[in-house]
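Some structures to go through are shown next.
Below, chain A partners chain B and then partners chain C, in two separate complexes.
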Partner chain A sequence: MTAGTASLSGVITVVVLILAGCIGLLGILIVTSRVLRQWREHRRAALNALTRTWLLELATGDDARVAEARRRVAALDQRQWKALEPTVVSLLAKVKGELRSSLVSLFDERGTTAHARHGLASGGRFRQVRRARAAALLGSLGNQDAWAPLCAALEDRSLAVRIAAARALGQVGVAGAARPLLGKLAGSRRVPSDIVAYALIQLGPGAQGDLVHAVSHAEPLVRAVAVEILGRTGAVSAVQALVTVLRGDRSEEVRIRAARAIGRLGTPAGVAPLLAITDAGEPTALRAAAAAALGDLGAGAATPRLERLLHDPAYHVAHNAASSLLRLGPAGEAGLTRAVTGGEIQAAAHAMEVLAIASVEAARRPRGRTRQATRRSKEMHR
Partner chain B sequence: MNGPPGALAAPAQSVIQVANVAFLLYFLLINTSYLVLIVLATAEFTAHLRSAPFAAREERYANPLTSAVSVIMPAYNEEATIVEAVSAMTALRYPQFEIVVVDDGCTDGTFERLREAYHLVPVPRVIPDDVRVRGRVISVHVPRHSAAPVVVVRKENGGKTDSLNAGLNIARNPLVCMVDADCLLDPDALMAVSSPFAQDPLRVVATGGVIRVANGCKVVAGRVTDVRMPRRLLPGIQVVEYLRAFLLGRTGWSRLASLVIISGAFGLFRRDLVVEAGGLDPATMGEDAELVVRLHRRMRERRRDYRIVFVAEPVSWTEVPAQIRVLARQRRRWHRGLTEVLWLHRRLVGNPAYGRVGLLALPYFVIFELLAPIVELAGIAFLVLGLTAGAVNLGFAWLFLLVAYGYGLMLTMIALTVEEMAFHRYRRWSDLGIALVASLAENFGYRQLTAVWRLQGIWAAIRRRGHDWGVMTRQGFTGGSGNEGRG
Partner chain C sequence: MVTVLLAEDDPDIRDLVTFKLRQQGYEVRAFQDGLSALASARDEVPDLALLDVTMPGMSGLDVCRELRADPATANLPIILLTARAQESDIETGFSIGADDYVVKPFSPRELVSRVQAVLARIQA
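Entry: the complex of A and B
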């Protein structure tokens, strides 16, 4: 054996020893992790069993029992309180009024609220879970005093903290949080859109001004989310802003969302712009969205155009037009019946489809409501 | 390194020695690449597990950015399980979805079972020709009485890919989820796999869910209610293999923004983009991976900002082969599919115009996935040759095998550790014992056999033999006799 091959074998021997050591350590890690987790679960279950009755009384008992249960919970030692805290927090989301106020004050008395505010301000990479938990707790408590630190936490380097802060801002419900929340849809330290969207909805009508402002933001995602929420929250005053987006936004996706939003808002001011978008020169997906939105909007004036759209060569435009006609009530149904008997195969097929499905759906409903569908079905077969 | 001299000429011995060192280096590299993917996956899980408790899944139900989904279930002779499978799908927690069952010219009672269960009635649906379909659609049916969001399409037989394409045409929602009819989804699976679309609605174009092994698990009403390791070794080995390759490997690739495989058994796509890309390619055996690579290709060529994401939990459960011959067929098919996809998109390999997918993911798949069975078998052959020719000594051979397979064992152990710490699905101590035995046993025969089958898959792709979907013999989730469907 040469010196070279001997040293190669030596190196490989070392590697094998390292591998064997690693495999052994991983085995120990798996076993230790499992033992620790089972021990923690067991301990938590035991503590919860001890305090569950008090918590039940707190949530459902009469005044005297609630007071007694509250006194007992307030007197729990720190270890027991830590085990019980997640259950009390989840209870906060399910109760209202006096009981909720009583539970919130319990957190204040125990110093948990102050501790959370202190925790939210704690720095360092290794305290990110503490900061996130603190933000989540302050949100659950609806602590309005914390809205400014929570806005600051939106800039945290940890995604978990930013998510917790965004949700908390929605729960706290201070409308001034809308702008910082919208800002987290762009830039380097983002928050997932669904979290921001839900928080913005929770902020209520007070956020509409910032949302209208956001529909002209440079980032398409910000515009898309703002448009979506304006449509979902009944922001009737924002129709003109949405129409502007529908007509001229750079992103087709944002325009499609604007069409849907206008449909949901259901104001007459949306009819003409939506009809204009169904013109052949616009992208097909947008035209299809506009055809569907006219049905959502319930615009009887759109019936003639929708009837014409049944003949559109783009499947989704024609199909959505048929569905919209059905939703427009008797005038729309008459249009569909005309299409069935009109002789043009494609339009008749789309009309027959929606009438047939409506008939099946009507048959599932209670008897009184099926007459109309039976009539429709008969007309179709004629 | 060299053994008894004189068995072969010195130059030949040198060649064998150099080859053995090269094979050893290849093993080290391939295992190190797996290690890197596992480390990336661990970082992803850590970030996910940290933020998950604060993300409030229940709020997604009422979230305006949660898009409606069409679940497409192609079915071929699944009469034994189809009603249970569809019922389980209808019980998924999701605000708005429809289930499109595509009966691909079944010759058994698949449709009859569905008709009885849901009192199906035909409806005159107008079907767009967004994607070309070979098998003609015969009829479309919806439930007469219940409001279950089920649409059943009967079509002439055209294969699984053709069924998926037919389902794409029928699907009415902006997102389409492709699942196998024999898969069992966790109740929140749809919510989780669609979550990236809600988190980043303008950029995410596709997401893949993780596939886990259902063999051995307790299944009630189409739901996995008790997760257990299979008691048989062959499925047990596949459990650890799926953990390492599917759960950790794909999460690692997703972290690198280079995910090129989304399993056909559980993937969610933007319908408009799949249609724009022409649907699934029936000429390719790995149609799921081919679609993902094609999406990457199109998005890159159109310079669009996009993301393809892997979601690690919850999961889709599938029954894996419990018999050698069925496993062999599956692995030949998988590797043939991979070969076809890489050949079809060879222009992307090493091409900087396609970013990380072109420069990292696809070259990796060529070197460490496509060629792996060739190198692995050649490595073993050269080792045996070296030993018999006296070019390498027995000590080196043992060390060689230990490094090649010992490293692999360590990776599997890391995968089990990550599973234990992040997901801990297998809660019994006996499950842990079986997993450890399976991790060890994988290296003795299983890996070598799969290498042979994968090599046969490459050969089948080269010879371009007709596609054979094969028959997957299933034991069924609730006991009873096995049933055969497309695997």
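Entry: the complex of A and C
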């Protein structure tokens, strides 16, 4: 063996030993971290076993037991409270009424709410997790006093903080947050539109004024979200604003959303504008949306037009017209039957398809409970 | 003793509902998934079933449908537990034979009142 070969062999041996050492060290690290995590989870579970029972006793409704459980939870030391806090926060989103109020007041008494407000105002790039957590907690608590600091947090440089703040504003439910939330759909430091939309829905009817104002915003995304929410929240007073969007918005997507929103609102004022949109001169996707919206709206007056649309060369327009006719009740079903026997193959095919689906669904419904189910469904929509 | 079958995958809600109903004197058989709840209902028919709409695997709607299809459980009172965002599921629930629904978040007191009301309606 030459000196060079021996030297190379020595280097390889050293490299192999170093690699083996690294792998061994990594293995020890993985095992140690898993053991530590399991130990922490066991400790948390043990701490929770007792305190969780007290927490559940808060829900009994028996005043003496509730007071005792409250006293015990309020007196927990910091270590026990830290273990229980995730469960309490989780419960806040799942209950309402006295129990929720009782849980919220626990956070106030322990100073956690004030601590979260302080945390929301903490500056610095490395405190973004603290700010996001603070925003999330204030939202879970529904802390209305925090709505202004939460609006300010929408301008945070961290996306995580802005998202947490937007969600929290929805949970807090102060209508004044609508405009700042809508503003986050455009410009710099945006928030994803689904987060903003859900928060706006949670704000309720108080936000309708700002939403109506937003349907004429310069940014199409802002208009689209505003239109969508007005339809989904039953803002019947906004129907004229939506009709204006349907007739003349620059964006086809926004017009399509306006057609769907008008259908969902179900007011008679929407019938004529939707019928006008089904005309051949309009974009196909918009005409299809209008045909579907007429069914959502339940406009019996639309029956003759929908029957004619069964012959439309655009598949989705004719298909949606058939589905809408079915939803219009006996008059619509009579129209579909006429199409089946009318001799025109395309119209008959669309009509037969929806009638077949309807008969299958009717057969799947349990007998004897149909009347009760229908009554309940009507009560729900009332 | 009146027996309530509960299917709810969220442990917080399951514990809370179980605790509250037991406080009110009901016997509760709680399960974290729809399949186990359905098997339990077939083994021994409860007096009422509380079913969460959204569960992994077999949903509350699936369990409701199966219970209604079986003559032994076809008339079992069923209450659905559903999140606010799933209100379309409520209509589906009624169409397959649910008797009532409770929207989350809910008040534990309200839930007990609904259970009592449905049981009273069925017994009337």
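Quick note on the criterion: the second predicted complex is superposed on the first by the 321 of 382 C-alpha atoms of A that agree within 3 Å, B and C clash if a C-alpha of one lies under 4 Å from a C-alpha of the other, contacts with A are read in each partner's own complex, and residues count from 1 in each chain.
We adopt the following convention: a residue touches a chain if its C-beta (ideal position, glycine included) is under 8 Å from a C-beta of that chain, and two chains touch if they have at least 3 such contacts.
The structure displayed is predicted, hence computed values, not measured ones.
Colleague: Going by the contact rule set out at the top, does A:R34 touch chain B (first), chain C (second), both, or neither?
Modeller: A:R34 sits against chain B, while chain C stays out of touch.
Colleague: According to the stated criteria, A:A20 is in contact with first (chain B), second (chain C), both, or neither; which is it?
Modeller: The first partner, chain B, only.
Colleague: Given the touch rule stated above, what does A:S90 touch, chain B (first), chain C (second), both, or neither?
Modeller: The answer is second: A:S90 touches chain C but not chain B.
Colleague: Quick one: is A:L47 in contact with chain B, with chain C, with both, or with neither? Answer first, second, both or neither.
Modeller: neither
Colleague: After lining up the shared chain so the two structures overlap, which partner does A:A276 touch, if you call chain B first and chain C second: first, second, both or neither?
Modeller: A:A276 sits against neither chain B nor chain C.
Colleague: Tell me which touches more residues of chain A here: chain C or chain B.
Modeller: So, of the two partners, B touches more residues of chain A.
Colleague: Determine, under the contact definition given at the top, whether A:L56 touches first (chain B), second (chain C), both, or neither.
Modeller: After superposing on A, A:L56 lies in contact with chain C but is clear of chain B.
Colleague: Determine, under the contact definition given at the top, whether A:L99 touches first (chain B), second (chain C), both, or neither.
Modeller: second
Colleague: Common interface residues of chain A with chain B and chain C?
Modeller: Touching chain B and chain C on chain A: no residues.
Colleague: Which bits of chain C are touching chain A when the two form their complex?
Modeller: Touching chain A: residues 10, 12-13, 15-16, 19-20, 23, 68-69, 74, 87, 90-91, 94-100, 104-110 of chain C.
Colleague: Under the definition above, what is the set of chain A residues touching chain C in their complex?
Modeller: Touch residues, chain A against chain C: 52, 56-57, 59-62, 87, 90-91, 93-100, 365-366, 369, 372-374, 376-377, 380.
Colleague: Using the touch definition from the top, list the residues of chain A that touch chain B in their complex.
Modeller: Against chain B, the touching part of chain A is residues 1-2, 5, 8-9, 12-13, 15-16, 19-20, 22-23, 26-27, 29-31, 33-34, 37, 128-129, 132, 135-136, 158-160, 163-164, 167, 192-195, 197-198, 201, 220-221, 224-225, 228-229, 232, 251, 253, 285, 315-316, 319, 346, 349-350, 352-353, 356-357, 360-361, 363-364.
Colleague: Using the touch definition from the top, list the residues of chain B that touch chain A in their complex.
Modeller: It comes out as residues 1-2, 21, 47, 50-51, 53-56, 59-60, 62-66, 121, 123-126, 128-130, 142, 144-147, 195, 198-202, 272, 393, 395-396, 399-400, 402-403, 406-407, 409-410, 413-414, 416-417, 420-421, 424, 429, 432, 436.
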